Amino acid sequence: MSGNTMGLLFTVTSFGESHGPAIGCVVDGCPPGLEISEADIQAELDRRKPGTSRHVTQRREPDAVEILSGVYEGKTTGTPIALLIRNTDQRSKDYGNIADTFRPGHADYCYWHKYGIRDPRGGGRSSARETAVRVAAGAIAKKWLHQRYGIVIRGHMSQIGEIAIPFKGWEHVSGNPFFAADPEVVPQLESYMDSVRKSLDSIGARLRVVAENVPVGWGEPVFDRLDADIAHAMMSINAVKGVEIGAGFGCVTQRGSEHGDELTPQGFASNHAGGVLGGISTGQDIEVSIAIKPTSSIAQPRRSIDKQGQPLTMETHGRHDPCVGIRATPIAEAMLALVLIDHALRHRAQCGDVSVDTPRIAGRIG
Amino acid sequence: MSGNTMGLLFTVTSFGESHGPAIGCVVDGCPPGLEISEADIQAELDRRKPGTSRHVTQRREPDAVEILSGVYEGKTTGTPIALLIRNTDQRSKDYGNIADTFRPGHADYCYWHKYGIRDPRGGGRSSARETAVRVAAGAIAKKWLHQRYGIVIRGHMSQIGEIAIPFKGWEHVSGNPFFAADPEVVPQLESYMDSVRKSLDSIGARLRVVAENVPVGWGEPVFDRLDADIAHAMMSINAVKGVEIGAGFGCVTQRGSEHGDELTPQGFASNHAGGVLGGISTGQDIEVSIAIKPTSSIAQPRRSIDKQGQPLTMETHGRHDPCVGIRATPIAEAMLALVLIDHALRHRAQCGDVSVDTPRIAGRIG
Amino acid sequence: MSGNTMGLLFTVTSFGESHGPAIGCVVDGCPPGLEISEADIQAELDRRKPGTSRHVTQRREPDAVEILSGVYEGKTTGTPIALLIRNTDQRSKDYGNIADTFRPGHADYCYWHKYGIRDPRGGGRSSARETAVRVAAGAIAKKWLHQRYGIVIRGHMSQIGEIAIPFKGWEHVSGNPFFAADPEVVPQLESYMDSVRKSLDSIGARLRVVAENVPVGWGEPVFDRLDADIAHAMMSINAVKGVEIGAGFGCVTQRGSEHGDELTPQGFASNHAGGVLGGISTGQDIEVSIAIKPTSSIAQPRRSIDKQGQPLTMETHGRHDPCVGIRATPIAEAMLALVLIDHALRHRAQCGDVSVDTPRIAGRIG
Amino acid sequence: MSGNTMGLLFTVTSFGESHGPAIGCVVDGCPPGLEISEADIQAELDRRKPGTSRHVTQRREPDAVEILSGVYEGKTTGTPIALLIRNTDQRSKDYGNIADTFRPGHADYCYWHKYGIRDPRGGGRSSARETAVRVAAGAIAKKWLHQRYGIVIRGHMSQIGEIAIPFKGWEHVSGNPFFAADPEVVPQLESYMDSVRKSLDSIGARLRVVAENVPVGWGEPVFDRLDADIAHAMMSINAVKGVEIGAGFGCVTQRGSEHGDELTPQGFASNHAGGVLGGISTGQDIEVSIAIKPTSSIAQPRRSIDKQGQPLTMETHGRHDPCVGIRATPIAEAMLALVLIDHALRHRAQCGDVSVDTPRIAGRIG
């Protein structure tokens, strides 16, 4: 299975370069009969769209999605769903200079060494633009998970640089450009980001993503544990350097008497596990946190080399997000949705489609 | 591909329950011609073996490995290598009680809900015993990576509970039961673990694993990035709740001017990336950290429920590691080795087997 | 891995319905540095194109291919290559009638039962139009195999109905609409096909495909044998009902003393094996034959049922190939090329890229 | 996914050499709750066992299977089922001679060129002994398919050499060593095989395998069609050179008016399709035929070469089946079962577990 396909049963095969004709993907294995429209997908894409505030890149990409296949009379047919997003904002310019040098913190050096050739235009395949495709595919997954199981997947920014952002409620997230779940901290974030931008620098961020109403029983140990596949999906997002489930690195200083979630007839007494035990969902909320590194493209002079190994200094001007974490929340939500739908299908393949509410009957043949 | 197989080309298919007849695995896709013996594998298994100090479980498992196939006259033939470890220390006892209850912090509840049936003996499939198989398979991967590329993969414990453990040098790691890279901290660790044990509790830990001499160019973006596959592999280890590459969560508070590793004719000026950019190895050390939760089995009374949903109190006596992180270093090393060998093969499949030292030639056909 | 992706390393993910906006595919895992253009691909597509003689469907599809990604300055970059073919000849008409009935010999009945919904327009996903995508992807595979190993893949029709078509030479194949390798039989084929068409019927065919210059050593036993993957690929072509390697069903009446190909210092003395032994290429020509059933859409009245299970009679008028085998030669060639390139990459992943001419050295580490 | 694993969800990972310590496999993805015992598996293994008549090899292998994991209190738990068969009849002898030469018709030459090393003892990995593992895994698949869907999978020999064997009824198959479905032809087969053996030669065969009660809707077009996966599975059996579905190569001379199976309210009027249309099961019997080449090991002198390319003459004495087709029926049944169970799971993953009898409801969300 090639590196540009994720999932075993609900698969997303991604393609496209930042400044090529188009980006897109093929979603295969989608259950039939799901009502889906370009508008459904567009709504998610617009949440990730650049140019919506002064704190994100001013690049203007309408990111208009076209469904090419797999949907008939408004419903999925079970055949592959191809999604196409034409690239429109490709400023024509001379890439000759960029083509010979490697931007620090970027994948240029690695792509060139790996393949012996690379498309330098706008970062080519390694551009964050590629993540639009994930959001588009994730929109389909989200809708099915919600319709079939009532699953709700939401994320918010929980920290930017040194500023921790409290969680005051999901209703606040869409009301500010930072996906912050606390409206009171927004002015502070704005001035913070202004100062970062003025210092010609960038900053890292931490996001939290939560899936509610996930049934108990999803995940395929010992390797394709639900949390392992979530970690894979999250770490595959550009700029992510860390992934936590539940207590995450906090568990290092926890005692077993604190960390281990007790069970009661009313359910689990806590959720340090983050909704996954032994690689299988517990029925509690799936809790995921990720660390996103600061944007590598900054307008300060940075040392680098060219293809011949000669030293040079480069500074990157142009339209770049000072904090790539700001627009990453819809991406992280999409990735979580894609992992969950794949595991929903994997689970019912082996064990049948037991409803959440149905008590298990011992001795059942799956 | 089933949940008990990892890897695309160098695959490990794991089987076995803690108290069944045996555990083992099938390693497929191994390059032919590698000299490998049971002694090579046993040496790694012995590093993970229980019963070697008072700080780990006193369960005695010789973990003697038998090679069943794939090796002829001491060399791999390219056919599947089956490894078998018979279970010997299966104390006969009545599991009736355990079979009807769910131990807090364990996978019992999830396995039962997922499959409608579970093997309760010693945790069955979800036992940490399963990780012995990973160490065995990893021994083969380690040896090939070292012979072919000079890759060295080593790990150590960097924190246990509140105690950070400095890195003083790899030579110290094997000299103490904690895999600590600083001999001076060992007495403190011993008394700390004694106190944890006396309080009938357990504690979490943080490990660091490093791979040196990894060539530039391994990793298959956009989904099967090297770091994404590492995250998958690490999170698939029992009790792991967090994974970091390079700066990890430290990048949240970093500026781009600090985090982005500059390039010089002598190489990268720093390694905040942890050896991976854009999902592809940079040629620097691969740096991974993981968080391991405290052992769930503790001798304190804990609330739980039985299969009928009735409340009960249980405390787990017996032979349990007070810190599962202590024996996890060889496991984490093995998982890193398994990911690296798989990507070594994937890379040379698509791009050919370019030596690290050979400069790239533009226009080459892979 | 979803059902619309083929290959493990060189993968083709196909999408599109006959009368939807477009068909296409994503080719992933292609080695970098290969010169490829839309013209290269178009040349192969034109060999399969409808409307080129009176013996094939008169449907007019230019089948113009667009490369959306993965190629930069005329060369593959190692990233996914998306190929798009817009559907242009979609006659607007009322499909209401067809939508409720199941055409005999077609997949309508099965699609509807499988998915509970189907796109009835022109056969939807099950249309032979989907095979254009395979030809497009195969063009890339063919070119790389030829450039790197000198492999030549060619096919011809060896039988149509009762008429066996002798093999007189590859040079004859492109000179007639039947892909016949004997110009003298062409008049007979023309009158035969005219009579089939006049009788409002259709007819089956047998094709032979040959790959020359395949190195010894490709194939991954015991399951992913080269011949097993070829059988899979061929049987996945619409209307194929049988696959043979080498002697094929002829081996049933062969003695071992006849069938077993002897080896001499000059090479194999015969090729009953068809270039594959034990699932691994022998270095001889890969010889494949396939059986293609007669077109199901014929203008005679046929019994069928509707969705409610009510009986009805239907006859299919319109633009249909009286022998789908006629245009299938480029498809079969493409499928063979796709299997071979995937195995070329799989082989060099595990065993390294040993040149055909290099004698094996015992004890080599792969 | 390595070459020794078959299936996507119900996977079989095979290992072992003919004369190594053991052969075996890991079956993963098996639905939980299935009652299975070593006796269930042994019964199928005994049908394939050598030494049961003078017409098969006199090698004596008890082929006793041991279940190592995945079964608890007689039921599958959903975790991997490891099956182990120790090799017992390894006559000690000097393989030095065989190790340097390539037996005509065997895989020796290919294995050596592929891997640069090979286990020559009894054919090593390429021995037909490996197929015992398939039969063992298939026994599990057969049982589940029968319990859940009432599926019955049976095979018989339909031709040996020039002798076509009529189908008189399934009840006759177990009554003779040839798996012939006609008791009257058995004396003829016996004398025929005696003459083949006396002439120091071997002979090919044709088998037919049928699966009854397969629900409509299984198969994953466009590549993982049910028939394509069947073709893959069958062609992966040692010595198979051809596969047919339904009419098979007979369709070449069929008219569409004959081949296309009409539908009536009572079902299909014929089954030229062999139970598969468009790659999806029709609900009719799955009909498969395979061609099996004559045994390559014969006691006549044959030309070959050694590793240095020097010519030599070899004749193979010892315990060889004069017709490998004779014992292949249980293997072909097992392969069909393995494909069907995998598709059963794949289908219910995407589309849910609709009972065969439940009429489809349009607009259902899968």
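Note that the chains are named A, B, C and D in the order they appear, and that numbering of residues resets to 1 at the start of each chain.
Here is the rule we use: contacts are C-beta pairs under 8 Å (C-beta built on N, C-alpha and C of every residue); 3 or more make two chains touch, one makes a residue touch a chain.
Treat the numbers as computed from the prediction; the structure is a model and nothing was measured.
Visitor: Would you kindly say which chain has the C-alpha centre located farthest from the C-alpha centre of chain A?
Guide: Relative to chain A, the chain whose C-alpha centre sits farthest away is D.
Visitor: Between B-C and C-D, which chain pair shares more contacting C-beta pairs?
Guide: C-D
Visitor: Can you check how far apart chain B and chain C are, centre to centre, with Cα atoms defining each centre and the answer in Å?
Guide: 44
Visitor: Report the inter-centroid distance (CA atoms only) between chain B and chain D in whole Å.
Guide: Each chain's C-alpha centroid was found; their separation is 38 Å.
Visitor: Find the geometric centre of each of chain C and chain D from their Cα atoms only, then give the gap between the two centres in Å, rounded to an integer.
Guide: Distance between chain centres: 25 Å.
Visitor: Considering chain D alone, which of its residues make contact with at least two other chains?
Guide: 1-5, 8-9, 14, 29, 32-33, 75, 78, 114-117, 125, 346, 351, 363-364, 366
Visitor: Which residues, counting only chain B, touch chain C once they are in their complex?
Guide: Against chain C, the touching part of chain B is residues 1, 8-9, 29-34, 75, 78, 144, 147-148, 345-346, 348-353, 363-366.
Visitor: Touching chain D in the complex: which residues of chain C?
Guide: Residues in contact with chain D: 1-6, 8, 14, 102, 104-107, 109-117, 125-126, 130, 159-162, 196, 199, 201-206, 216-225, 227-236, 238, 241-265, 269, 272-274, 277-283, 291-298, 300, 302-305, 307, 309-311, 346-347, 351, 354, 360-364, 366.
Visitor: Within the complex, which stretch of chain B touches chain D?
Guide: 1-5, 7-11, 13-17, 20-26, 28-29, 32-33, 66-70, 72, 75-82, 84, 114-119, 124-125
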